[in-house]
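Multiple structures follow.
Look for chain A in each of the two complexes below; its partner is chain B in the first and chain C in the second.
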Partner chain A sequence: MTPGKRTQPRTKLPSTYNPASGHRFNVGDRVVIKHAFPPGHRRTPYYIRGKEGVIERICGAFPNPEELAYGFDGEPAKMLYRVRFEQKHVWPGYQGPARDIIEMEIFEHWLAPASGRAKPASPTQNG
Partner chain B sequence: MSDTSFDYYAHRKHDHGHGRGHGDHAPVAVADAGPPSEYEIMSRAMQELLEARGVVTAEEIRRRMEIFEEEFPYRGSRVIARAWADPAFKQRLLQDGKAACAEMGVELEATRLIAVENTPDVHNVIVCTLCSCYPRELLGMPPTWYKSDNYRSRVVFEPRSVLKEFGTVLPDHVTLRVHDSNADMRYVVVPMRPDGTQGWSEDKLAQILTRDTLVGVTVPRVPEKG
Partner chain C sequence: MSDRPIHKGPHDLGGTAAGPIDTTDHGMKFWEKQANALRNTLTRKQVVRVDELRRAAEDLGDQYYKLAYFERTTMALRTLLIEKGLITETELKARMAEVRARFDVPAAAASPVKKGAGR
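Take a look at the complex of A and B:
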């Protein structure tokens, strides 16, 4: 088998999203995950929507998976963060110690600044 | 756990079924006994199209599968053994996992690797609740349990119970840090180096850095003498 000439993959369509400029949040900022349930391919787990956490690190800009999933090019890239949550906040019935945490990656357009102190966990069923 | 396929060494078993009759090999598995599934047909058709257009060759695909089985499963142990042996390397690994791996000639295609360190106060465990994101280039293919609904759904909300089922009991003063590998990062745990491993070579250290210790469902142990 000869490697042969490689044909370029067909150019993907541009995204309809607006560009992300810089990053809106900094490490340590309190944020709330949007409590929204749009259809489509979303990398924001249901169980974390509506919950409050703290920015643990800024991962950088990555192609938007919500567009990639449908054959678009994922551009413009979206800023991705790691957000840290207290388990007792995420799961009101959490059995482990209060110090336990869970962290995950959330794209910027799913984040809003948290207003004041952490609210009690949403009673919404997760998942 | 409903899924008890703890098959760490399964890929090393070579059940060729040497055999009988005309000297040919009996089937290794019966997975292909029935008619091909829709996805198999789709996958095959896609491969044929890609080959026909010169995008990939069958040899490249075969080689890729071979690397996945023969090389990838052992890379993570080597990297973490180096981190144990070389504190400066460990710092670089924690800072930028991909760059540190590249130093060792372990080239990761994954966009980013985040190494998370266990300490006397913190224990890390990795999951992907959305699918089965896994550091495949360091640990090979994910085990069946990692992909199970059981593990993926429970380790986020009752992680201590799940760890206990793996034989790992964490004291309450240890913070359990669960990482949902839900987007572009991939994770590997840097376990604590156990006592009794002083002076060990990196190769020897790598032997106790099993896959499960690097996912965080257990911790490395020094085998008892005897």
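Take a look at the complex of A and C:
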């Protein structure tokens, strides 16, 4: 007998994932994270707001956690993207190698197209 | 610009000085295991959602930092169960008093457990 081995398979909850059908951004698009600080349950980290990145992948559509957090059904589902940022852009005075990156998953309603040479805002300066 | 209201939850710590990280395994106390089991059951049965628990924990504000992990999640669960009308504050207080009374053991002198006789 192997201790810890399950006799019955655990029934998994159905995934809330939906394949990406309608998405505003494509892989490689430059985006800027909204520089906004609204109240409520928000998963976009403070330090990334106002920063510019590139769409690394389209993760799919998921129920909106900002609505789920207050007991609503999270519909309509929101498109989630993995966005890649350069560390030296995210952290002023970053000491690490210039090629260092950070990636995070951000919902579509937090993204706007980066307008050409827009100068990156830095929310960390007014904190 | 600096007058702009900034809403930043106590969970959103990225980029702030945090000091050394305590990597000690503190284990789980009995009540923590029970509270965790209750939370997992209620989440699995979709009575409460993880997203709601996170929101209720974030809303603890300054208290968030004063509480340990399982205290935080238990407080969040308490908030949600009351919010959803599944329990009332009065019921919870009554039940807590009842459970507390169960643990209201007599003073050491009256304990049936004999102290070791100086061995």
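One rule holds for everything that comes next: the second predicted complex is superposed on the first by the 98 of 127 C-alpha atoms of A that agree within 3 Å, B and C clash if a C-alpha of one lies under 4 Å from a C-alpha of the other, contacts with A are read in each partner's own complex, and residues count from 1 in each chain.
The rule we apply is simple: a residue touches a chain if its C-beta (ideal position, glycine included) is under 8 Å from a C-beta of that chain, and two chains touch if they have at least 3 such contacts.
All of these numbers come straight from a predicted model, not from anything done at the bench.
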item: First (chain B), second (chain C), both or neither touched by A:Tyr47; value: both
item: Chain A: partner with more touched residues, chain B or chain C; value: B
item: First (chain B), second (chain C), both or neither touched by A:Gly96; value: first
item: Partner chain in contact with A:Pro39 - chain B first, chain C second, else both or neither; value: second
item: Which superposed partner A:Gly71 touches (first chain B, second chain C, both, neither); value: second
item: Which of chain B and chain C A:Phe62 touches, first, second, both or neither; value: first
item: Intersection of the chain A residues that touch chain B with those that touch chain C; value: 45, 47, 65, 91, 127
item: Of chain A, residues touching chain B in the complex; value: 1-7, 9, 43-45, 47, 59-60, 62, 65, 80, 82, 87, 90-91, 94-97, 99-107, 127
item: Of chain B, residues touching chain A in the complex; value: 53-55, 57-60, 111-112, 114, 129-130, 153, 156-161, 172-173, 175-185
item: Chain A-facing residues of chain C, complex; value: 1-2, 4-9, 12, 14-15, 44, 49, 51-52, 54-55, 58, 83-84
item: Of chain A, residues touching chain C in the complex; value: 13, 37-42, 45-48, 65, 68-71, 74, 91, 124, 126-127
